[in-house]
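Structures follow.
Both complexes below contain chain A, partnered by chain B and then by chain C.
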Partner chain A sequence: MAAPFTLRKIGVPPNSANLTEARRRVFDFFRAACRSIPTIMDIYNLQDIVAPSQLRYAISAQIRNNAHITDPKVIDLLIFKGMEELTDIVDHAKQRHHIIGQYVVGEGLVQNTGNKDQGKTDFLKNFYTSNYF
Partner chain B sequence: MVMEKPQPWLMRLPPSTAHEWRRSIDHPQNPQHIQPPRTNQRVQKDPEACLHKRRLPDPNTAPPEPDKIKGRETEKRRTVTPNPQRRVLTTRGTTAPSEGTRRCTTGYSGVHNKIEKYTHTKKKKKKKKKTIQIHNAMGLGFLASRTIRPASRLLQSHNSNFFLRTIVSKPELQSPESAAVSEPEPPTQILPPRNPVGGARVHFSNPEDAIEVFVDGYAVKVPKGFTVLQACEVAGVDIPRFCYHSRLSIAGNCRMCLVEVEKSPKPVASCAMPALPGMKIKTDTPIAKKAREGVMEFLLMNHPLDCPICDQGGECDLQDQSMAFGSDRGRFTEMKRSVVDKNLGPLVKTVMTRCIQCTRCVRFASEVAGVQDLGILGRGSGEEIGTYVEKLMTSELSGNVIDICPVGALTSKPFAFKARNWELKATETIDVSDAVGSNIRVDSRGPEVMRIIPRLNEDINEEWISDKTRFCYDGLKRQRLSDPMIRDSDGRFKAVSWRDALAVVGDIIHQVKPDEIVGVAGQLSDAESMMVLKDFVNRMGSDNVWCEGTAAGVDADLRYSYLMNTSISGLENADLFLLIGTQPRVEAAMVNARICKTVRASNAKVGYVGPPAEFNYDCKHLGTGPDTLKEIAEGRHPFCAALKNAKNPAIIVGAGLFNRTDKNAILSSVESIAQANNVVRPDWNGLNFLLQYAAQAAALDLGLIQQSAKALESAKFVYLMGADDVDVDKIPKDAFVVYQGHHGDKAVYRANVILPASAFTEKEGTYENTEGFTQQTVPAVPTVGDARDDWKIVRALSEVSGVKLPYNSIEGVRSRIKSVAPNLVHTDEREPAAFGPSLKPECKETMGTTPFQAVVENFYMTNSITRASKIMAQCSAVLLKK
Partner chain C sequence: MASSFCSSIFMQAPISAKTTRFSLQKPVSIFNNRKTNLSFSLHRRSMPARLAVSCAVKQETVEKVSEIVKKQLSLTDDQKVTAGTKFTELGADSLDTVEIVMGLEEEFGITMAEERAKEIATVQQAAELIEELVQEKTA
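On to the complex of A and B.
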């Protein structure tokens, strides 16, 4: 299914020259995502579950998770993947339970795990992830 | 065509292919024969033009001087400590020469390939080169032995001994007088240096007594009692054999090792014939090759066509040697005989039809294992190997016959039909089921350990491992802890994340007083985790951290008081053993095997003080308790005379005595015995202590000793790191117990928090064996579930508890260990004890009267892995003597 025309022009050619351009692309992506929120709520019937501001919060949290990255190429790739995900959602290629499970922040659902590990050493972070580091 | 009278023992197969024709006795490139006219050959008719293919030695240059010829380096002395991973070739005696495990069949493929090059056929047959699995059993020496075999080199060497034969027959060759004329001396050539097979080192017990023999034209110096086969091994020639094994007595019944010796009327069995000075041995002549083909044909006549269903396929000596040395077709058209299978127990699977009656298992059982269970019944083609009576093989070394058997007659029953050897990944690691630290090779497929095989180590376990070591691997798959768990208020365990588990433990540990914190390391713990545990507990303010098996009051100040001071290989030089409170057969089967070997080789006497036990060598039961010790110490016992007359007495004290209350008195009386009989001398230290667990020696080196006997009873926080033998009833009811381990064994049921750790096959850990030899395990399979390495868990816990330890990598832990016990960092080295008994203060206590107890009731179930193993359960049900 074709993506709506709002999304067409945000296709990311993978060649941001510098960090500023990458930042601009990130914000463009965020704007496009926020503009598609009403469509998403309509497609998946999320009106009673979640408010648009919560969805915006979820998107911005995910972007903020990668706020520490400085390499433009990496940022480009992340935006590409974000666009992929957004296109999938808007195309109705996902289903309601996916959206609820992945993006609706509530009890027992997606939690913001970015803050817990701030003060810990690399050793502990690696230890929690896996045995091999 | 001139044909000599056909020798009866040379079976001439009709040459059916040109390939065969090449190998038969009539081929022109085999010397001294005249070629019949042939039709299809690419060789040019012009005799002179053929010579360009071979560069004859230039007669103008002088042959090089002998001292410049490298390779005669067998007498070079080694100045470094000999590497126990390399085999030792010695004359038969107490130190029997060693051979690699039978999977090391190396040079065979070389012969097969080189012969191919010289076939002159119209169409090139595509012969598939048989790939022989390279097992990393022998290390670099293995690669050395895979160099081109000298036989083939001669065929393609440029300055060959044999001048190229032309097609034309000369009159001189036809007349008998010319045969009497001796051949002109071949020019001396620089032969490339040769290394002994498998990188073995040759042990000259008497360097003046070395003799020189010639193997395929190559001169080697060998010690006096060597056999022809051993001399060929030194020269780098691997002679095929089935019945010969370097650690067993010589049988000479397979006849596969036949080689040609000059001036001998028939080929000799090289495994049995002693090498005499000046002997010229030829291993690649047509006679030798014909003999091998013949023997192979005979062996295969009655051998069933079981390769697809036989477990030995892929690592079978018969397969390899028939490919390399056998002929490609047989002539047997009758019915093959079959033999009924024998039941030898739950460990050894027998398919006796495949047996080739090499008698290796019979000799192993009677010599190395010391039990005369197996024997040959019948004669001729009706020969059977069996126990005659319906008897199971109950010896603790019975699994080694699986390695020894060259065919698939004796295989591993738990491993039957599970995997082929080429799909397994081999990892060389160390066994931790007892304090010996046998070298093993773990064969794994993916995340699963499929089997365990011994590795060669001359100093510790030679080529054998005990049944417990060999078959405990299926315990690694059962009862594994894979997720951190916390016990709920209703008493059931709930799986939680690592964050929560460590947070809970970190909270509670701050609520108890420092003296009430107790840490106990288990019997399978490696040195790194014990170091980190001790550091953590000490930083929390407590001194109560010890290892299982060391009761209160054991001090680790002097290393001689808990190590085997005669090393395990040094026990071979002893001529008298006094075993006090130890049953080596169940405590350390490899030490027992060494004692058995010594007793068998030099008729050493053995005296034993302790509860009645089974021994597989002649042993005098002197008494059961400390009273006997007192008698020996005072000289009243009849055994004292033997003790005084012994040149190298060895006293072995079991570590089970460390748990007694009168331990100091017993040890001082042992030391007085040692002093009275000159057991501890500068050149021979015969006072030995046999530890029970793999972690004990490292623990005592690191200082994990129990300061007070009441520590456990007054504890409020108990950290059990794999400690299952701790008396759980002694822990107070309100204590908070953390269990960190890999199996849900006994202590888990008392725990409040479970932290899953990795087992010895999944981690890289340092272990010190009972003689002070430090070794490292290597991870063979990935950890189960969410488990972590032991030391990482304690380090993470320390950080969560606020007492962050200063290291965060394994190198950091090891440098910390280096500052405490540097011998634990020098892997593969033995650090002997520095001081002797003279430094110990006098002991004033008196000995009790309770007799010594047996330390191990069930040989097959001593640690958490073996208790979880189904095979071990079967063994203890069936094989233990009631």
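On to the complex of A and C.
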């Protein structure tokens, strides 16, 4: 068995200079998250409910949700929030029903709005922007 | 053929270890000299990692890798995955590739360094890297 992976908390690094470095950070974050999956399954007793591959899929789906973003600073912020979430989960600051609702694929407790569609009709689009139209 | 050569090296190593204990006795030492020389030269040849990598990749490793790739990319049965298939040919983007590598890490119980994992583009390369790491682990 490979040596167990521990999440090391490093201070906030400076912003990525370009998209390539931001991309590298995304993959590093993804790898850290995937390597923490055995710990997570152990903490929250998810062995019977979900397979590690499903959790990996859930994580990659969340990353893919924001795949269209090109600004490195925005990507850095998203990774920071992701890291924050991962640290909370690994520290057992969340509870089992949170994990099941948010990451085990299914309806979930929280409605996933996905890419926020700003209203399918013109009426709704105008409605979201201002009161007067 | 290469694998049988590998196994023959491992076969002779324990025998030489036993015979060195009797090296003080004269009649055995003459016989032993030949054997220890042989074992030393063989030992030297088996040291470099080149020999391990030159052994052919096992078919079952390639099959396991293809299985994981198929499941990850949700491929239908008629899409063939052979040793030389590139992941990008099968419609995987870079995140898919990383996810496949993580799936392989979990399946084989190994940890791949980032620089080596970045080079993986085909099923064959993945299988080779896996075999190398598994051998390092069990060695």
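Keep this in mind: the second predicted complex is superposed on the first by the 95 of 133 C-alpha atoms of A that agree within 3 Å, B and C clash if a C-alpha of one lies under 4 Å from a C-alpha of the other, contacts with A are read in each partner's own complex, and residues count from 1 in each chain.
What we mean here is this: contacts are C-beta pairs under 8 Å (C-beta built on N, C-alpha and C of every residue); 3 or more make two chains touch, one makes a residue touch a chain.
Bear in mind the structure is a predicted one, so any value in this text is a computation, not a measurement.
Undergrad: After the superposition on A, what does A:N131 contact: first (chain B), second (chain C), both or neither?
TA: First partner only.
Undergrad: In the overlay, work out which of chain B or chain C sits against more residues of chain A.
TA: Counted on chain A, the partner with more touching residues turns out to be C.
Undergrad: Is A:P52 touching anything from chain B or chain C once the two structures are fitted on A? First, second, both or neither.
TA: second
Undergrad: So, does A:F123 touch the first partner chain B, the second partner chain C, both, or neither?
TA: Only chain B is touched by A:F123; chain C is not.
Undergrad: Output check: A:S60 vs chain B and chain C. Expected answer is one of first, second, both, neither. What do you get?
TA: After superposing on A, A:S60 lies in contact with chain C but is clear of chain B.
Undergrad: Look at A:C34 in the shared chain and tell me whether it touches chain B only, chain C only, both, or neither; answer first, second, both or neither.
TA: second
Undergrad: Which residues, counting only chain A, touch chain B once they are in their complex?
TA: Its residues touching chain B are 116, 120-124, 127-128, 131.
Undergrad: For the complex, give me every residue of chain C touching chain A.
TA: These residues of chain C touch chain A: 71-72, 94-96, 98-99, 102-103, 105-106, 109-111, 114, 137.
Undergrad: In the complex, go through chain A and note every residue touching chain C.
TA: Residue positions touching the partner: 1-3, 5, 23, 26-28, 30-31, 34-35, 37, 52-53, 56-57, 60, 63-64, 67.
Undergrad: Within their complex, state which residues of chain B touch chain A.
TA: That would be residues 497-499, 758, 783, 787-789, 792, 795-796, 799-800, 804, 808 of chain B.
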